[in-house]
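Take a look at the structure set out below.
Think of it as A, B, C and D in the order they're written, each chain with its own count starting at 1.
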Amino acid sequence: MNIPMEYYLAVSTIMMFAGIYGFLTRRNLLAMLISVELMLNSVDINFAVFNRFLFPGELEGFFFTVFAIGVSAAETAIAIAILINIYRNMRNIQVENINELNG
Amino acid sequence: MDFSLQTIVFLFLATVIIVCSILTVTTRKILRAATYLLFVLFSTAGIYFQINYSFLGAVQLLIYAGGITVLYVFSILLTYSQRKKGDRLKSSKVVAGLTATLAGLGLCLFITLTHPFTPSHFEFGELDIKTIGFSLMGMGKYQYVLPFEVISILLLACIIGGILIARRR
Amino acid sequence: MNFLSLYVLIPLLMLGALWACRNTRQIRGVMAAGSSALLILSIALVFLYIAGRRAGNTDSMLFTADTVWYAPLNIHYSTGVDGISVAMLLLSSVIVFTGTFASWKMSYQTKEYFLWYSLLSMGVFGFFISTDLFAMFMFYEIALIPMYLLIGIWGSGRKEYSAMKLTLMLMGGSAFLLSGILGIYFGSGATTMNILEIAGLHNIPFDQQCIWFPVTFIGFGVLGALFPFHTWSPDGHASAPTAVSMLHAGVLMKLGGYGCFRIAMYLMPEAAGQLSWIFLILTGISVIYGAFSACVQTDLKYINAYSSVSHCGLVLFALLMMNATAATGAVLQMLSHGLMTALFFALIGMIYGRTHTRDIRELGGLMKIMPFLSVCYVIAGLANLGLPGLSGFVAEMTIFTGSFQHADPFHRTLTIIAAASIVITAVYILRLVGKILYGDPVNPQHLKLTDATWEERLSVICLITAVAGLGLAPWWISRMIGESVLPVISQMIP
Amino acid sequence: MKFTIFILLLPAFSFLLLALAGKRMKPAVAGGIGTAVSGIVTVLSCMTAFLYFGAPRLQDGTHAVLIPYNATWLPFTETLHIDMGILLDPISVMMLIVISTVSLMVHIYSFGYMKGEKGFQRYYAFLSLFTMSMLGLVVATNIFQMYAFWELVGVSSYLLIGFYYTRPAAIAASKKAFIVTRFADLGFLIGILVYGYYAGTYSFRPDMVALMSGGVAMLPLALGLMFVGGAGKSAMFPLHIWLPDAMEGPTPVSALIHAATMVVAGVYLVARMFPLYIGFAPGVLEAIGWTGAFTSLFAAVIACVQTDIKRVLAFSTISQIGFMITSLGVCTSLDPQQGGLGYMASMFHLFTHAMFKALLFLGAGSIIHAVHSNEMSKMGGLHKYMPVTHIVFLIACLSIAGIPVFSGFFSKDEILTACFGYSPLMGWFMTGVAAITAFYMFRLYFQIFWGRNPRYDHTPHESPATMTFPLVFLAAATCMAGFIPFGDFISSNGTAYHIHIDKITAAASIAAALMAIGLAALKYARTGPILPCGDDLPDSARGLFPALHKAASHRFYIDEIYQFITHKIIFACISRPIAWIDRHIVDGFFNALGWTALITGEEIRPMQSGHIQQYAIWFLGGALAITVLLLLI
């Protein structure tokens, strides 16, 4: 194995910030969710990579990745349920229009 | 670094991830974004395979690429409104987001690349599924039955919540 | 609990009775009864106090009582009076009494108005009978809050702005005050909140005094219209309804002077001696500056408000001179200014109630139209400019004589500057009197106006009697105050 | 002498009665009460004088100083306190007589003069107030009591000048009178404070122990400042400006307050403190003398060109008070034989001046009452119509001009003698002023009673008896007062001093006065038609010294200077900026504080917008900032 760990980290960092950028700028809630998925994914890569390169004998990173995937699946499911509900009520899912939720 | 197959594969995966990530967040059409996300997820699975976490790669492919993406596509189609042509972005928001993002990116890359990691020398063996199973179900040190149970309850709660929320009143 | 607590109980009973009132007659009945009871109580207190002193009681406070209120912080409800507080209580009850009659015709939300008015008077009385730092602070706050509503709801002109400004600035002062009180409490070892005991301990370290003295002094000074924290006064007074102006300028501003003396200077005498020069300069500015400002105002209430700044500045000025004569003069000035300014505000309110203007350019020849009010106005003006036989002279002369006992040029110069204010006072008072009372009526519509009604006459005559009484027979009250300032003065380094 | 308390209490009582219940009384009742009280006070004063001067002298030849009453009114410190009491010594007893007599005359006179005026009862109330305060002033046992009553006479003067309160000129004049004297009183007050501190007492006898410990050096300052107060009340240059304007008040008031009694309070003050001036501040006394001399010349020059009869008399009053002040100022010792003559002369002149100047004013009042104008151009040839007034006015003029037999001659002669004793320069100077006095008084006299005869709308007639009786009484007093052996009663050290006329001085002053009268007769006694050009006062002086004439008729522009100082400097350059600063800078600062809080809130509020992306960007920014901080540290 001759690829340095930093390479992986760089890739995941770029992915992370692509997600952040999307989260900050997109107006569609679904697009924002997709950005969140990107971020989660990049974190997953970091978990795995740290585990593999720095602590190969142990499995924390590995399992956290597994759990994170599970959690993100759950989160996505709930979020999409909420979104569809909002869509039913308001006929769009633009983020600016949803500040009425704050009371 | 010699151009072994490993390297070429990695470079390919990295390119796909970077390009597709950026395309995901910059494309105007939401369906395309989902598609690009799918590519990113596939490539991530490739990364897992490359570092010999094939179980993880499989999970990634199954849940993310298989499940979640399909969910996205469905919900996109469900909430697609004819009136809205694309997703026009506010330029001030883009500038602010871009600035923050680039600054953060620079900072993080700087830290990542300058931090003296001490990689241990290891053998790149495949992680056998038996070890994974025992660790996941065991109750000893470095074993993960408790988080496993917590996650399962979380998933259950999500299922119930999802049904409740999405139910027509 | 002793009979001093009646000062808090009577307003409380008034509050309850007002609550139950059904119509204006009942409200007036309750107010007249309550305020008369307070007035009688005060007069009785004066006699009891003097009798107590005659009997050879030399405690610094008489009629003391003490009830534990909140033990962990050593907060007690403790009461007691000395000559100064007796004088202040008398002043307050006179003004509450006359203020009641001055707002006899209040028609808008009468019940609520008098409810707040009674609450305000409860705060004032409570402040003067308390000897516990915390209780004093609490009563002080009770006195401040109703002011906001009284001005904001029953005021005139820019009332919301004025009410807000007044309350915010006084609350700012309270913030200073609270930290000052805590500083004193912890500086003295956090064993007691009782003023007399803290003074007895006399153990606040000098460096701490130097922090907490200015804080406390400014905290009270805001209420005492210390330059440059006086700007709430013109707006607040101009907007407030008559009785509230009377009570505010007459009594509430005295809380400032009283607090400065009783808390800031009594408990932190060394710092007072060290830092008095700063505040002397500020108060000296107040005195002159208020007088000059009053010269060019065109609103009756503004003139009186600036005059109050000048006269209240003289109170703090005299206190900071830190000798017995000047301090006696300061208390006399509090009394005197309280009475005359209440008289002024009452008359201005009555004139305003008839003419619906306070602009001196639109008033004139009132002497022909409402002779009673005009004559009283002249008397108030003469009292204000220090005519012998009225209270202003007594107070001012005591202050100037006291201040002049300092032989150094700094105090001397300030004394002379402060004394010069009596000339400027004469200028603005006579300008005012000449403009609005003398001459021919400016506005023909004013010719139809009537003179004072019986309750207005009662209120005004009561105040004039007090002003003249103090001015003609000052010796007894001067002695009473003079012996009470001694314990405080003896703590100070001259 | 216990009854002397009623001299103070009765007018006070009458004031209260008239002020509180006057409105319900008929004017005649109110006036009757005031006059009766005044009469009783006069009787009591005379009784006091008889008893006092009748009592045997002490061994050192002086009259005993009696203090029948003295009680602490307001305690300040152990040694300093205001007492209220009655002090009887020769000058206070003399003043009692002067005040009560003139006051009584004015009370009677006012019955006729003020008849039918609105506020008749108020007028008598104020007169009582004034009488009470003035009597209180002269019998003061200490300087602070004097100051208190000093202020009271100031305010009664204010009220009486402004009696016609609908007239703008009267309002302005009353205001001016009060403020100018108040300003001077500030000096008095500070003087009292200095005196109290260094002399250790407010009584007229300083505490020697206190004086020895450093007080002596400060006494001249104290006495000088006190004289500032005296100069204000007595209208010394440059504080004289209020007195001519004060003539806006009713004429009897001018006679009582602004001629006979209140304006000599300054003289009385100096006389009262005389031992101290001589003992501790001879330099100040000298300065006082020159101030008086200058004022007397200054006012006499202005009096020559005034056209309002009361103004002429007002400036004449200023000039005559200048004489009294000068006379006090030229004293160099306590012994009347050795340069202390001026004290006696001054008091003597005060006495005689009170009589003849009151007479002049009341006579002028009688004329004004008949002619309905103050302007001399509207008068002339009145000797035919008003014989009584004419005679008494002539007596008063002769008296003030210093013609023998009349009282003014005696007192003025003593003053001139004292001045010559001080320095010949001062002597000749004052003689010159005396000549000018004679000139302007007879200018007045000839123009009113002789001269050209303007057409009157209705024929002037003699005043009623209530007015002529006081005139005749005062005229008699003026004729007789000169023969009182004044020096037997009052002198600088209290011992009897026999007045003798200095022949040369007397001759010189009589000659000067006669020449001046002749000049006036020549100029003004002609009869003939009124000149059409309106220049109906033939003033040859105008041709000779046009600038001087113009300046004098503008009263040397002193009023304009005051006007400039008060309006342009104090109001425009001090008060207005201060008021502006208060509203915009001091208040602005606090408003700005409030505004800042408001704006900060407004600025922060959008941050809580509910937009998740905004929160996210803040979150990110915060996280980055913390990271950078950690990196840097």
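Here is the rule we go by: a contact is a pair of C-beta atoms (placed from the backbone, for glycine too) under 8 Å apart; a residue touches a chain by one contact, two chains touch by 3 or more.
These numbers come from a predicted model, not from an experiment.
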item: Core chain by centroid distance, with centroids computed from Cα atoms only; value: C
item: Between the pairs B-D and C-D, the one where more C-beta pairs touch; value: C-D
item: Intercentroid distance (Cα basis), chain D paired with chain B, Å; value: 104
item: Between chain C and chain D, centroid-to-centroid distance (C-alpha), Å; value: 37
item: Separation of chain A from chain B, taking each centre as the mean of its C-alpha atoms, in whole Å; value: 6
item: Mean-CA-position distance for chain C and chain B (Å); value: 74
item: Contacts with 2+ other chains: residues of chain D; value: 613, 617, 620
item: Multi-chain contact sites of chain A, meaning residues that touch two or more partners; value: 20, 24-25
item: Pairwise chain contacts, counting only pairs that touch as defined; value: A-B, A-D, B-D, C-D
item: Chain D to chain A touching residues, read off their complex; value: 609-613, 616-617, 620
item: Touching residues (chain side chain B, partner chain D) in the complex; value: 93, 96-97, 100, 103-104, 107, 111
item: Chain D residues touching chain B - in the complex, by the definition given at the top; value: 613, 617, 620-621, 623-624, 627-628, 631
item: Contacting residues of chain C [partner chain D, same complex]; value: 164-165, 168-169, 227-228, 230-232, 234-235, 289, 292-293, 295-297, 324-325, 365, 367-368, 382, 385-389, 393-394, 397-398, 400-402, 404-405, 407, 415-416, 419-420, 422-423, 426-427, 430-431, 434, 437-440, 474-475, 478-479, 482
item: Chain B to chain A touching residues, read off their complex; value: 1-2, 4, 6-7, 10, 13-14, 17-18, 21-22, 24-25, 30, 33-34, 37, 40-41, 44, 47-48, 51-53, 56, 59-60, 63-64, 67-68, 71-72, 75-76, 78-79, 81, 84, 87-90, 93-94, 96-98, 100-102, 104-105, 108-109, 112-113, 117-120, 122-124, 127, 131-132, 135-136, 142, 144, 147-148, 151, 154-155, 158-159, 161-163, 165-166, 168
